[in-house]
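Handing you a structure now.
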Amino acid sequence: MSEPKRDWQKDLKVFRERMGGLSEEKKAWAREQRDTLKAIRQALAGGPATIPQIAERTGMPGKKVLWHVMAMKRYGKVAECGQAGDYYLYELKEGGS
Amino acid sequence: MRYEAPEKLSEQRRNGDEPRVGVFVCHCGGNISDIVDVEKVVEQIRKRSGVACVTTHQFCCSDPGQAVIEQSIRERRLNRIVVAACSPSLHELTFRRAVARGGLNPYLFEHANIREHVSWVVDDRKEATAKAGRLIRAAVARAARLAPLEKRRIPIHPSVLVIGGGVAGLTAARDLANRGIRVRLIESTPFLGGRLAQLYKIYPTGQRARDVIGGLIREVSSNPLITVYTNAELVEARGFIGDFHTTIRLVPRGATERCTDAQAAINACPEETVDQFNLGLARRKAIYLPYKGCYPSIPAIDWRNCTRCGACLEAGGVGSIDLDEKPREIVIRSGAIVIAVGLNTYPPRYGEYGFGQFAEVITLAQMNRLLDPTGPTQGELVVNGRRIRRVGFMHCVGSLQHEGVHKPMRDGRINQYCSRVCCTTTMHTAVELKTRWPGVQVYDFHEDIRTYGRRHEGYYDKVCRQGVVFLRFDPLRPPRVGVDPKGEWPLVLRTVDRLTFGEELEVPLDLLVLATGLVARDMSKLVDLYRCSVGADRFLMEVHPKLRPVEMATFGLFLAGSVQGPMDIGESTAAAAAAASKAAALLKAGQIELDPFVAEVDTSKCSGCRICLQACPFAATDRDEAARTAKINQALCTGCGTCVASCPCNAIQQRGFRDDQVEAELLALLEAEEPVGV
Amino acid sequence: MNANGKLRMGVYWASSCGGCDISLLEIGDKILDLAQIADILFWPCVADFKYADVAGYLDGYLDLCFFNGGIRNSEQEQVVRLLRNKSRTLIAYGTCAADGGIPALANLYSSEEIFEASYHENPSIDNEAGVEPQPEVETAIGTLEIPRFYPAVLKLRDVVEVDYVIPGCPPQADDVWETIAALASGAVPVHAGDARIGCNNRSVCDECKREKREVKIKELHRHHEFRPEPGWCLLEQGLLCMGSATRGGCGALCPKVGMRCEGCYGPPPGATDQGASIMGALGALLDAGTEARAQEMVAEIADPTGTFYRFSLASSRLRVSSDRGGRR
Amino acid sequence: MDATELRVEPALDTQTAWEPRIVGFLCLWCSYTGADNAGTARMKYAPNVDIVKVMCSGRIDPDLILTAFAKGADGVMVLGCHVGDCHYISGNHKTMVRMPLLRRVLEDFGIEPERFRHEWVSAAEGEKFSRLVSEMTEQVRELGPLDWKARLKECTGENLGPWGGEHP
Amino acid sequence: MTKIKPFYDGLVLGGGIAGMQAALDLAGQGFEVLLVEKEPTIGGVMVGLNKVFPTLDCSSCICTPRMAEVAHHDRISVLCYTDLVRARRRNAGFEVILRKKPRYVVEEDCIGCSLCELACPYFAPHEFDQGLGARAAIYIPHGNAIPQVPVLDPDYCMLDGNCARACPKNCIDFAQQAEELSVGVGSIIVATGLRLTPMGAKKQYGGDRHANVMNPLAMERVQSSNGPYGHILRPSDGKIPRSVAYVQCAGSRDQSIGVPYCSRVCCMYALKQAIMIRHQRHDTQVTIYHMDIRAFGKGYEQFYRRAQSEGVRVVKAKVARITEVENGDLSLRVELIDEGGRVADIRHDLVVLSQGTIPGWRPEGALPLEVDDDGFFAIPDIAARPANSTAEGIFVAGVATGPKDIPDSIVEAGAAAMEAAMYLDRVRESAGEMA
């Protein structure tokens, strides 16, 4: 192929400019997500828990906790490990932090 | 199954077909090589007999990767190729093509899936490497036994037979001919048009049915590529996709094209009988035309009622009628067949909601004849000499039946299904009624109102606004029809209305219209001749409602319209056009190309036990009566291999999945972990 | 051959019911001719021959040996090896020698289970002391040895090479006589190409005159509860006829008289495992419709293994049961 | 069950560490695609099931399964399209009869039912596929080696004939 | 991905089941077809469904082979992630301007290994899972997507280059920009599918306020084994629902929100989902509140009865409003019609609103097509030529001409392909005559 090799780092710089950099809003969103995930990881550090239990430990609404736990589950960071009443239990996966 | 592999291989060697397998292991840019120790795998595979070379590549699927395969085939005289990479679902075709470009038969290729089945699902490097090794050596073992295969090509005779001259059959015929395809259309009655001709107006456009069907008939009859046979009965059928031979018997219609004064001939006829076109609401002669503008416009003789008195012959003029013509049989050859024989309305039994008992109980189809200004009452709402003022519509007559509540049909089965079109037809008819005679009071007895289609709900809304009274009955306690005890009205209908606290109501009526359901026609001959599958609802069954909705399990047979189940006009024409599209694709290609993985019979081993004949879902297995063995119709075989596993003598093998090939793969998988060469 | 031009012939009976020995007599009048063309040098069932007599012969001294029964113990193995060496033509005679036969059904049980049944459990056994045969027993006259019991019944071909196989339970008299006559005249006996005498290269269905209607099996039946319609395929009527999965050549004797084929000629050519053959076929034939019904129909079959492998267990793919359990 | 739980610590002497050898016969249209799906979703599962692909589960001759056991498999899985989903209309209806039949025969042979598994796996059921594989591997691991090849040798003892216990 | 040619016989707009079928049927008859899909993958709504009624076949088992067939067809080119800008009549055909949106991934080079997706640390709502699940900012739309090529979502991308660093083929291309293409086509088939009425359309149901009021497509994903939860759970707290309600006609047959027509498939999918819930959780109660059960198709009534025999409760009722009570549970005020209109308050812990079906796309001048007052494309002769639009040479299939189930959409797609083929023949013939 005669095309010059793609320099993604250079392209990314240009792209970043084109996008007008990262907005404060976006940075805040990313920060909040990081914090949320961290809180969930901490809540699970003590062992398996259900969504309401995590919600209670983190003080976050169940809907938000469920969404993030499912995200972590999808990407292999959390696993389901049994059931407690009407809820499933989740635990951190090794190497999934 | 005898373990034949060694013999096969030695046979191959004798034939100078010593396997020289080229193995290409893909790194997939780390997707594979990060987990699988590719070098170790290469070392193992290199040692195996029959392996001529093992090559690795970062991306086998890339253009350079494919070029390496092509080049190696030529330079290293490879005659079998194994690529170990991602799933064959992604790149089997890619590599087969590369193999073909390299000058080898594309089926001398085997794909080992070491990404989706190994590197992406195994964490441990050692385990992944071992598993990749097993899969590749199995692929090598299988590859060594592969034989070149060719796609099957089956020529298609360039014409289509359409069975049925109703709206679906006519649409299919018109569409095919428009695409330049020769069509023969056969209709069992003397006239085209089917059930649509009997309707008055159709929803949701409000067009005159006769205009719709008339336009279609004009297109069909004027197209030189279409030959129409009326009064045609199916006699026999042979053949398969690409070359069907259907024998039909043509019953003479009595009148000839030279019959110029049809009406005189009809008037002269002394025999009168029930007019079926008007659903028994009128009478007609033994020589007749069903309606003005019908096609063909030549009258037909109803032989069951004709006494051959010759009166028509005298009145019609010389040569106009031929009472002595004999039926003749012709054979129609076609590459495909479109089945469009339509359906029937449910025939209410005597006494069902008073049907037959009271002249004031009629069917919805009869109601349509009454509304038609060219119908038996010239469009006047008169029944039994009485002008109608209170009409009831009864839904689901012959549909949505329940065991124990409804009497079964002749075959012992009830009609559980919904007939789909009756609700909207009822609403549409009620709108017509209320618009033409606003003073007529209309009652509607239903279980559910299923006005599902585009603009259907509008009719429902409209009749609600027009003051039609809706009463909902319990299907397990259907309404009863009797004589009005007060003698004021001809009928009274008693029903429990679930909409008003379940009280029993008495509704006096002077006409009750039964929205009769739709039932399959008696298609036993057709089913028999073409080995059609029939559903529990007696309609013909498509292969798969979603994958192949207008095709039958037998290749080359297509379904158009309501032969498949209840449909309205728009749905029938859509289905007919879809069937035409499938048939046109077949005909236009001139041949079909099928995968080569077909089954074949080794007649020296076949004992003629006929078990395979029952195994095949596609009727591809057949019997060679002379040899008393099985034979497989390559045109019909889909290559599933079910017959192979069914044959107790192992007389059937599937190309590409021969026992020795699968077994070689299996044994290679089960070899001891450190292989010591074959 | 003997100087008198007669065949030197031996007959032996190992793990089988002995019916095969008797079946030799079914040749009828020909038994008189047999004496004209053969000298019988070894037939323990008929006269008191000693192994030592045979051992004394030169290798290949016997022209012909009919060996019936499979190999279940060490004595039988020794004898078959002996006879192999001493016989120019060794014939695996009868289904037990060919494919293990009914005795090989014991392969579904471990030796312990067999002993348990034979010496303790069976209701007719009177063995209060609970004695079991031991390979070696010390007695006043010294150590007595009895043949060692093998863990499984082997077909002849597992132990020695055989020249021909005449399957059947029992084999058909015509085939026996024609084989002897051919060998006596120095000819090769007629066989199906794979050294099987009396067989053709198809399954029993090929010879069966019953009509196939190509209908699926709605319900399975057993003989004692069902009278099959004459002239119609027994399998299609729901009797588990093994004809389709059985080597032909017998003339479809059993189906002809309304009995299901039990499979005594072993798997058809091209197939190794008779049970697999019939299971493959039944998949296509049973009209189950739903999974539940399929399981129900399968559950209705009494003893599928005994039905499918009645005669050929020792030549099936698996051949012997696991010692971990097996059938109880 | 999680695949990672199933993996035993690698034994020091790899020569003697026994791993279950399981053969999976899979139909192309549903089950093989389901297995691909598990791969795409990076679901980790035990590496012990090696797949033999056929076009339809109706092609899976009971003889193939018996051969697998006879030649050294510790377990066999047969996976096909759900009843009703068969690409060939009713190929799997034959499987639906054959497999229960075979199961009864295998039980008579003393092959534990846990060593033979017949299930329906659709193209979307990658999760089910990976679960079945891990479950099956664990079951077979608990039972230990089947090693029918050795068993045949043992039963035929020194009596191995000219074919060494193999089929002619 | 094939190279785009300058001329095609047919342009198919929409890569859902109807569009794919139309493309296959037209290409099957020998014509060159360009299939344009606005999303990054073909497959449409169907590929996200769990099972299909009335056979309970697995939806993706039917849909994915179709997708592969389209992708591998010699005469079909597929352009995903591409919008139609406009089509103008030109000679006998059309000049079409398309806008290919940037994926930021070089399609031809990508091997679909998703290492970029795994390297991205941010989670965004996953469209395929109706927002209930998460995906990374760069992601392959789903396991069965075709092409298996990721798309970078700049809305969630934190521009840190993790994906590009992880890519083994260096195919993340931040320099990519939307690109306009101009293609000549002989005919157009519009198969632009459906959307559902907004969750908040009926205020009294609070579909946009209550966490446990779900849309039916989300329920499909929740029921799928590869869905966001892997089980049927409710979104507010991951609880296994013990009592589920379906509110039918929650956006159809309702003049007040401008959808007076019947959406045709809701009764059946509600019954299907109810059966699937019962299969997964035998002890979960499912109640369907409906006006009429429209089980009109082949095998549908039988399916309806099966659902009832499997314990699904079907109640003729009008639901007046839905209010959230404690713990995310919901209370439904219901008028029970068969009990003479008795009003009751009934608690459920999960509610699915059977929303109305509305057109997936409106031409807004991009195509010279007329729409009816129901918003779907006008079909002048719906009985005899159900696939012919108001413009010559443009044909319509699937839900674009009104709500439809899968078999009806597929059949109509065949009809549209047939009409397009006939039209192309006609045009060529007259062009031949002129020349």
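Order as written gives the chain letters A, B, C, D and E; numbering starts at 1 within each chain.
Just so it is clear, a contact is a pair of C-beta atoms (placed from the backbone, for glycine too) under 8 Å apart; a residue touches a chain by one contact, two chains touch by 3 or more.
What you see is a predicted model; the values in this text were computed from it and never measured.
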Chain labels contacting chain C and also chain E: B, D
Closest chain to the centre of mass proxy, which here is the mean CA position: B
Chain pair with the higher count of C-beta pairs in contact (B-E, B-D): B-E
Taking each chain's C-alpha mean as its centre, the one farthest from chain C: A
Rounded Å distance between chain C and chain D, as computed from the means of their C-alpha atoms: 32
Rounded Å distance, chain D centre to chain E centre (Cα mean): 38
Intercentroid distance (Cα basis), chain C paired with chain B, Å: 52
Whole-Å separation of chain centres (CA-atom averages), chain A against chain E: 28
Residues within chain A bordering two or more other chains: none
Residues of chain C touching at least two other chains: 271-273, 276-277, 280, 283-284
Junction residues of chain E - those touching two or more other chains: 55, 57, 65, 118, 148, 230
Chain D - residues contacting chain E, complex: 29-30, 33, 37, 40-42, 81-82, 84-85, 87, 122-128
Chain E contact footprint on chain B (complex, rising order): 28-31, 59, 61, 86, 89-90, 93, 171, 175, 178-180, 202, 204-205, 207, 212, 215-216, 399-400, 416-418, 420, 423, 448-458, 461, 498-502, 535, 537, 539, 544-547, 549-550, 564-565, 568-571, 573-582, 584-585, 588-589
Chain D residues touching chain C - in the complex, by the definition given at the top: 58, 61-63, 66-67, 69-70, 83, 93-98, 100-102, 104-105, 107-112, 146, 148, 151-152, 154-157, 159-163, 165, 167-168
Complex contacts: residues of chain C adjacent to chain B: 201-206, 212, 214, 216, 243-245, 248, 268-273, 276-278, 280-281, 283-285
Chain A-facing residues of chain E, complex: 106, 118, 122-123, 132-136, 154, 158-159, 161, 164, 170-175, 211, 228-231, 233, 235-240, 242, 328
